[in-house]
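So, here come the structures, one by one.
Each of the next two complexes has chain A plus one more chain, namely chain B in the first and chain C in the second.
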Partner chain A sequence: MAYSNKVIDHYENPRNVGSFAKDDPTIATGMVGAPACGDVMKLQLKINEQGIIEDAKFKTYGCGSAIASSSLVTEWVKGKSIDEAALIKNTDIAQELALPPVKIHCSILAEDAIKAAIADYKQRHGN
Partner chain B sequence: MNYFQLFHLPAQFELDLTELGTRYLELQRQFHPDKHAAGSERDKLMAVQQAANINDAYHSLKQPLLRAEHLLALRGLKISNEQRSFMEPAFLMQQMELRELLAEISDAADPEELIDEADQQIQQQKKALLRQLQSALDANTPEHDHQAADIIRKLKFFFKLQQELELLEQQTQD
Partner chain C sequence: MKLPIYLDYAATTPVDPRVAEKLMQFLTMDGSFGNPASRSHKFGWQAEEAVEIARAQIAELVNADPREIVFTSGATESNNLAIKGAAQFYHKKGKHLITAKTEHKAVLDAMRALEREGFEVTYLDVEANGLVDLNKLEAAIRPDTTVISIMFVNNEIGVIQDIAAIGELCRSKGIIFHVDAAQATGKVDIDLETLKVDLMSFSGHKTYGPKGIGALYVRRKPRIRLEAQTHGGGHERGMRSGTLATHQIVAMGEAFRIAKEEMHAERERVAVLRDRLLDGIKDIEQVFLNGDAVQRVPGITNVSFNYVEGESLIMALKDIAVSSGSACTSASLEPSYVLRALGLTDELAHSSIRFSIGRYTTEEQIDHTIKIVHDAIGKLRDMSPLWEMYKDGVDLGSVAWVAH
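Up next, the complex of A and B:
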């Protein structure tokens, strides 16, 4: 299957790969997986006291589209408040990367990773 | 379509694969399109359709995860084409660690040892999950069916890991 240039770019030069220390209180971690293809995605957000995402890192085991979706998301969330980041939709990701229909689930995974990380943050900060 | 009914087998997870194979050959013979060549167009068409159903059924019943999914679908719980994400942090963290272990294999000086270690972990977890799946499906209540669906989702990750490991094993042998 042909990947779009943007997918290939993110796949070959993934942005913000890596991990933050899990026990750092400013770090929120979102873990999601797709049973159908076995993909696993970890998205970590560094969130300051004002609720702004200062930095983001990801680690994804999966296909090129899953890696590109998570790489793109780390770029998009930086500088956003958690409420703004929560508004990122899988359709935005799929459109930006020109994902074909069979790869839409990769963008869903990336959207859900943001949601999972924000839920982790809210749970840890008591709201 | 109820594949168990088609094969005259009880609708349950436990299955005798030898019996399944025998039934498959019997049904294939019975509905082979050549046998219906002398029949009407409608008969021929139905024989072709039935032969396709038999193949689909055999394919699904043979594989434990597809069989479990079919059993759940018959009970009204369809999960075969779902696209929703799986979100159980502890389980996914463990998957991540196994993936990291697999990633080490290609650069390792002694890959055999790591392959054995990964294989052991995967087989052990798979076996435990398959046992849980069996008892959840046998319980046959809506609550247990939902548990079974989650176990199937987890098992899919392990089947995928096993595939990846087999691929790595081939690569290191080349």
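Up next, the complex of A and C:
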């Protein structure tokens, strides 16, 4: 399959790979996907008291497009408020990375990962 | 070193230069370009003679009579002709067929087509090592079973089925036995005088011959009859009409001649390289060899690297040409049906790589491959949430995954 240069760049030089300590109260974790489907994304956001995402890290099990989608998302969410981050759409991700139709699910998964992390944050902070 | 390194000999092989040289002698005005069916002049006679030499060379590799060899466009056509041709010809005897779930698509889809014509097909499960259990095969046989099709060497995992034993079983029950031997020629000894096989498919391009040419062995004693699938001028004793592709046939003959001559030395050389590869990656954690460890050809090695995903692994291995599952299915997002049939978990089926080694593989290439594999697995596992969970002692089976 021919990948776009942006996918290859993110795949070869993934941004923000890694993990934060899960029990840190400023960390929100979203894990989406399933091994059976061939992709699992873990997105972690470091959120300050003002609700601004200060840092983000990811780990992804999946194809090049899945890795690129999650890598891109970690760049995009930094500096955003959680409400702004929640507005990131899979179509924006797919367009930025020029994903082919069979890889659209990777961008959907990345959007889901943001939503899951935010949901985790809200649950832990009683809202 | 020239990159990428070709380690996909099970998908196709390059044409041996000796074969290419032969092939080119049968194309142009200076060569023997005639139609082998032309009986009225020297051009035809020359081409016919060349075709008959090639037919004998192919028969020799498998210890058959040249009159038992029918040329086709490849193993896919041979499989179709054998299975459909025999099932249709003998349909009055019964309409039940048996094959295994790990067969090539050309066999499985030919069977599916017959199901639409009113035949019933049993798709046998294989054991976890990829081999057919003879007792289970025998239990699947019914009074109306007419054809059983089991491949010699599996294209994805390289296991060798016990063709001799299956042949004895089929013969004792009066069932026609077809064997897809596309991956077997030049890799394992095939003796059709002793094997109780009635139909056997061959491919040119898996054995250093050109693409677009294959053959079907059709036993004469006892005589097996087929319903033709391609109608026309009655070539190949009516079983496969169409002008014979002299240049490809001659090339396939030469390729099979070389295979016979060099098979044993080549098998040993390839086994040494395979052992070197396995030795080089065995210290990576959570690596599993797919298919029986002993009953296999040395050229095909299929391994699963747990907790990394196959497609990203292929990307990380861009300097080596390997495949994840078979080339015919790698465009889809589904894990290999062959590996699923072995009972592999989805994760392991998704993270499998087939390394296939052949005539032009060097020690230096294997050493470089080992290094690339180590780097790729390290990088992808550092990025893998599943690897992290495994390392933290999380049982992945107990996680409530959200399928999508």
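A few notes on this one:
Everything that follows uses one rule, which is that the second predicted complex is superposed on the first by the 124 of 127 C-alpha atoms of A that agree within 3 Å, B and C clash if a C-alpha of one lies under 4 Å from a C-alpha of the other, contacts with A are read in each partner's own complex, and residues count from 1 in each chain.
We take it that a residue touches a chain if its C-beta (ideal position, glycine included) is under 8 Å from a C-beta of that chain, and two chains touch if they have at least 3 such contacts.
Just so we're clear, the structure is a prediction, and the values are computed from it rather than from any experiment.
Once the two complexes are laid over each other on the shared chain, residue contacts for A:Ala34 go to chain B and to chain C alike. When the two complexes are overlaid on their common chain A, residue A:Ile67 makes contact with chain C while staying clear of chain B. In the superposed pair of complexes, A:Ala2 makes contact with neither chain B nor chain C. Chain A is touched at more residues by one of its partners, and among chain B and chain C that partner is C. Shared-chain residue A:Lys59: touches chain B and chain C both. Contacts of A:Val17 after superposition: chain C is touched, whereas chain B is not reached.
Once the two complexes are laid over each other on the shared chain, residue contacts for A:Ile104 go to chain B alone; chain C is not touched. The interface of chain A with chain B overlaps its interface with chain C at residues 31-38, 40, 42, 59, 61, 105, 108-109, 112.
Taken in their complex, chain A has these residues touching chain C: 1, 3, 11, 14, 17, 19, 31-42, 59-64, 66-67, 102, 105, 108-109, 112. Chain A contributes residues 29, 31-38, 40, 42, 59, 61, 104-105, 108-109, 112-113, 116, 120 to its touches with chain B in the complex. Note for the complex: chain C touches chain A at residues 307-312, 315, 331, 333, 335, 345-347, 350, 382-388, 396, 401-404. Note for the complex: chain B touches chain A at residues 82-87, 89, 91-93, 95-96, 99, 152-154, 156-157, 159-161, 164.
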